[in-house]
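After this come two complexes, each holding subunit A, first together with subunit B and then together with subunit C.
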Partner chain A sequence: MGANIYKNKKPLIVFLFPAFLFMLVYLFYPFFMNILNSFQHIKNLGQSTGRWNDPWYTNYVELIHDPVVLTSLKNTLIMMVVTIVGQVGIALILALLVDNIKAGAKFFRVVYFFPIVISATALGLMFNLIFLYDKGMLNQILESLGKTSLTDWKGEGLALVTMMLPVMWQYVGFYFVIIITGLNNISEELYESASIDGATRFQRVRYVSLPLLHNVICTCVVLAVTGALKVFDLPWTMFPKGMPMKTTFLTGTYMYYQTMEAKNVDYGSTLAIMLVVLGIVTSKIVNVIFKEKDY
Partner chain B sequence: MKKKKFEISSIFIYIVLIFWSQTTIYPIIWVIQNSFKAKDKILANSFSLPIGELFTLANYRKAFGNLNIFGAYKNSIFVSTVVALAVVILAGMASFALVRYSFKLKGFLQSMVMAAMMFPVFATIIPVFSMEAKWGITNTSSWGLTMLSLVLPQIAGNLAFAIVVLTGFIRGLPIDLEEAAYLEGCNVFQIFYKVIVPLTKPSFATVAIFSFLWSYNDLFTQMFFLRRPEMRAITRLLNELTSQEGTNYGLMAAAVTLVVVPVLIVYIFLQKYIIKGMTAGAIKG
Partner chain C sequence: MKKRVLALVLASAMVFSLAACGSKDTGSEQPAEQTTQEAAPVEETEAAAPEEAAEPAGPVELNVTTTFAGEDGNAQNFKSAVEAWCAETGNTVADTSATSDETFKTRVITDFETGSEPDVLFFFNGADANSFIEAGKVVSIDDIRAEYPDYASNMNDDLIVDSLVDGKKYAVPVNGFWEAMFVNTEVLDAAGVSMPGADYTWDMFMADCQKIKDAGYAPIACALGNIPHYWWEFAIFNHTSPATHLNVPDSVDSEQGQAWVAGMEDIKALYEAGYFPDNTLSATDDETFAMFMDGKAAFLIDGSWKVGGIVSACQTDAEDASTLDAEKLAKFDVTYVPGQGDRKATDLIGGLSMGYYITTKAWEDPDKRAAAVSFVSYMTSDEVVPVFAQHTASALKNAPAVDESVFNPLQIKAMAMMSGATSLTGAVQDIFQGDCRVSTFDGMPEIVTGRVSAVDAVAEGLEAYQDAQ
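Now for the complex of A and B:
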């Protein structure tokens, strides 16, 4: 019966054509053009000279010898570790705690999630004020606690910490909601029978909640790793052009810098390819380590 | 005995939870209260409330005078609304076809959608820009064309995700209603419009909210396509502000407040749908 309605295949094209045309023109075609661009010489954005580099792999040689690429790769890997440990870790702890309280769960959910809704650019401005050397919120707090000298949060020593903390902070609520949803799906009976067997509250978390959350946490880790590769707005607002001394570049911000600021467009597309490869490799690794399990 | 132990650990739990909630609430309050103080007062005593002599509206006067905040709002809301509507319509149609029809290329198209989700915007933006430059819609003085040049790539960027979410929902619908409508003499387009769309309204709302917020907050694409001052959208305007007025802390606080507070109000009213919309991809169903 259902097959009857959808036997005539003619309307198919009307339904599918617009969406897939969009994806072909704006995602697939540009993706392959970007690979070609990385072998070409392009001086200005929007120009396609069609002139090939000589030798064609020039940009890739530059990539290997560019010390900033190494910095950005290192920073991006640190960023991934920070997102896994910081975002998913803190979110997991908060979710397990909220799961154990009676009142206020909804309030915490709303409050924790709220930074995700705010544009990262506005948050970047806000954190610029908070981390201000003379004297932002943090330095004022430290002063009132008795510290005599001002801390240079944006100096070379602390710049990475200052950049990554807000990124980490912003998305904790996102993983919190995902994990809380996972926790709510665990049936109450399992906890009850664990209690009857004499399990303490901690043991219930360790032997019931955590094993059953395995796949949810796995999803979170994959999202955190791929999310770390896409971070752009906050770092670019707080530390434009890799300040100080090009030490805070991530792969994404460095790609933007080469394309828009350094006017080295073909090198920018080469960096974008490096970013794609990095994404594929890391998500493969994560999938091997955190293999999904069936219960 | 047992009850008392329970209470102590509960107090500890609440302390941790309230501490984290302070990290998300207090910075915003701090910025808002400092937006009503003169620049030098912020540095001296930023924790006191802006009452009495501390209070000033100078930052807001400057924000509305020097920055085209209303223009930026108009651009942002226009772009994000168009993106959200287009994504919902196009993805809705495609998802319906992908779920209900069986045809040769179905598997191929489905893997195309999955692949499209993987492309980071960094890897497509340069060719997209040259393509649009060739069409003559980038960097023009025409407001409509400039907005179009931003809207098109943002639609494409959200489509794959929207299709994945919507196919999940449509697959869960019982086919009986469509059969009934068919017997009543509806054609496939009427079935889509009169049966599928009303039934999937909540999930359409979810996808629309996600696309709207994503587009509203997306600085990267805006940096490429909104070059002229009068064309700036909200996030682009804020970014410009950091580089030009980076030391005018009062103005910065006022600008952040003006951008954050409307979103905050909308969020308080729609939080259920927004949270669902933003996490829809991760939580299936």
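Now for the complex of A and C:
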């Protein structure tokens, strides 16, 4: 028998089956049902469907004509850009700075990572107090500096910025840790050789650190973009129901709103399908643009 | 070969462990069948001795959901009553109460749909309850009385609301509610406006709002982008009457439909005049309530439960009544919402809109049936109901005389206001449920800013309503 056992792959299937079964029941079956639900008339969660929509693709027509869908798509796109520039970009700068100091590096790692361990809902409530119209922290600071009128940080003009700043701040630490781990994997000998050749600190970063971080940054960007599609809790806590005037909806929050608040479950299912398609297409595009290199 | 056997053993272990994880339901079915068989003699005993029927056979855990949570004025009363009942009966309660909002309603309805409903629930008796009543998932009071004749016998049956589904009575009420206009008198004094009374008209209200605005205050504390419900109700009521208010229009072109449109237009006029807070479209209800409490807004339309909310906000410790700032509380009063047309200011929205239901699931569980009846009987007893009802109405046949000495000044003002009410009409929004509300509730900011016309918004809601019927 000997090494032949390793050629027989059948036992592996037995091991893979439980996980497959789990996925089948809790992922693929609900997804398939969700597709069916999007063609039916369902006005409460858990309610058995009454009838098929007439015509059956009604929700998909509504999806195209719904102006809030367009708003949520636009906001999600902005959120993606914000996560790439704001989260990965700031995380990269912070990681490079921390990597270049000797004293206090551990302290800064903990400080930057800390927001990740706080619940997004708690963060949302905290930022609600910061951006509060009357007696909010920011408005009090501005008042002490001489500003006479209150700023409505959650008003139509500033709502998107107010929503995206906390989201950006929350996840900087996550990418910071990934990038700093990547920096730690770069051999010290390379930096020493560059120093001997007369490279300045900036040149060492430009010509040693950044090229060798390419794959790490690509991974971070893919994670950031796909994460932006799923972000929900913090925006919903700060801006429930897309307040104000449905201008702050993201694809995820709009799907939740239609399902849980508006009780338009079949349309919520349609939005969920749009979200899945969007996720697949976006991750494919990002994977092509930010392709990892083999060294 | 040994390795192959080992692989099979491991695989079997994994499959069994998964099966074990998912076998809870199967496991619970078996004892349930057994207990059903065992229950027969208990039922016979209960029938033989009805006076002892409400006593559970042994300690059980009841799953209970109510709206007595969060800022509800009766949250603490409910906790105390539950503790007292548990101490008296030896049973325990798994309390999943939550603040009354759309999420709570969705959760309860979903629980029913998925078969994970509680044993007892305190819930709305309007259209919200239609789905689980239609599905036969709660037991009617008459059916319970067939076995427990004393069940809710202390209630005036005429005041127990009939189901919209089959006309039967299901929910045993505790306390009634009313909606009226709370006033921050400090703001009125500063603006030179006198306290509104029973003859308050819409024109007088508009004039007062202008004076208050000119004095630098927000006349109305309301977050239109978050909770426009109370203004929605009264704005429509002002164009209907106590006799017609509960009629949902057939179409937007009908007389009733036009009344709804006129109501929305009134709210738009208030917004355009700048009588709501500057951030009314982006604020939450908590924020505008804080403005009202801080003396930055004059009027607040809300329900009787807000009396407790205002009193709590006047305490340094919301849980400790001894920390009440009486001077601050004295600045608040409650009066009638300005009226117009066929509605007098003293015609109020109110009634007994909620009650205790016993679910069919608990009723058919021989271990829980008696406990559930005992729990509801305790919570709706002559002793407990007055604690919850306080300054509001109840359905008790023998309501105890009100001892004003136990009430705070705002509760006494509320009772005085209620004593002048000429009618109490239910809220039409309790009938107009689900996605039909979206265009005029969530869509209120679009209506007041003119992005969507009131006619279109009302028509969209009515279309959704008709579609659901």
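The definition used in the following text is that the second predicted complex is superposed on the first by the 274 of 295 C-alpha atoms of A that agree within 3 Å, B and C clash if a C-alpha of one lies under 4 Å from a C-alpha of the other, contacts with A are read in each partner's own complex, and residues count from 1 in each chain.
The definition used in the following text is that contacts are C-beta pairs under 8 Å (C-beta built on N, C-alpha and C of every residue); 3 or more make two chains touch, one makes a residue touch a chain.
The structure presented is a predicted model; accordingly, all values stated were derived computationally and were not measured.
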Simultaneous placement of subunit C and subunit B on subunit A, clash or fit: clash
Partner chain in contact with A:Tyr133 - subunit B first, subunit C second, else both or neither: second
Dominant contact partner of subunit A by residue count, subunit C or subunit B: B
Which of subunit B and subunit C A:Pro11 touches, first, second, both or neither: both
Subunit B versus subunit C as contact partner of A:Glu143, first or second or both or neither: neither
Which of subunit B and subunit C A:Thr121 touches, first, second, both or neither: first
Which of subunit B and subunit C A:Met260 touches, first, second, both or neither: both
Partner chain(s) touched by A:Phe232 [first = subunit B, second = subunit C, both, neither]: first
Partner chain(s) touched by A:Leu45 [first = subunit B, second = subunit C, both, neither]: both
Partner chain in contact with A:Met243 - subunit B first, subunit C second, else both or neither: second
Partner chain(s) touched by A:Phe31 [first = subunit B, second = subunit C, both, neither]: first
Subunit C region in steric overlap with subunit B, selected from 24-32, 42-50 or 114-122: 114-122
Interface residues of subunit A shared between complexes with subunit B and subunit C: 1, 5, 11, 14-15, 18, 22, 45-48, 132, 134-135, 240, 260
For the subunit B and subunit A complex, residues of the former touching the latter: 9-10, 13-14, 16-17, 20-21, 23-25, 27-28, 30-31, 34, 43, 46-47, 90-91, 93-94, 96-98, 100-103, 109, 112-113, 115-116, 118-134, 138-139, 152-153, 155-157, 159-160, 163, 175, 178-179, 182, 187-189, 191-192, 213, 216-217, 219-220, 223-224, 234-235, 238-239, 241-243, 246, 249, 252-253, 255-256, 259-260, 263-264, 267-268, 271, 274-275, 278-279, 282-283
Residue numbers on subunit A that touch subunit C, as the complex places them: 1, 5, 11, 14-15, 17-18, 21-22, 43-48, 132-135, 150, 152, 154-156, 159, 240-241, 243-246, 260-264
Complex interface listing, subunit C residues touching subunit A: 1, 3-4, 7-8, 10-11, 14-15, 18, 102-103, 106, 109-110, 112-114, 131, 225-226, 278-279, 281-284, 287, 290-291, 294, 296, 434-435, 438, 442, 445-446, 449, 451, 468
Subunit A to subunit B touching residues, read off their complex: 1-2, 4-6, 8-9, 11-12, 14-16, 18-20, 22-23, 25-31, 33-34, 37, 42, 45-48, 90, 93-94, 97-98, 100-101, 104, 107-122, 124-130, 132, 134-135, 137, 140, 169, 172-174, 177-178, 181, 201, 219-220, 223, 229-230, 232-233, 236-237, 240, 252, 255-256, 259-260, 265, 268-269, 271-273, 275-276, 279-280
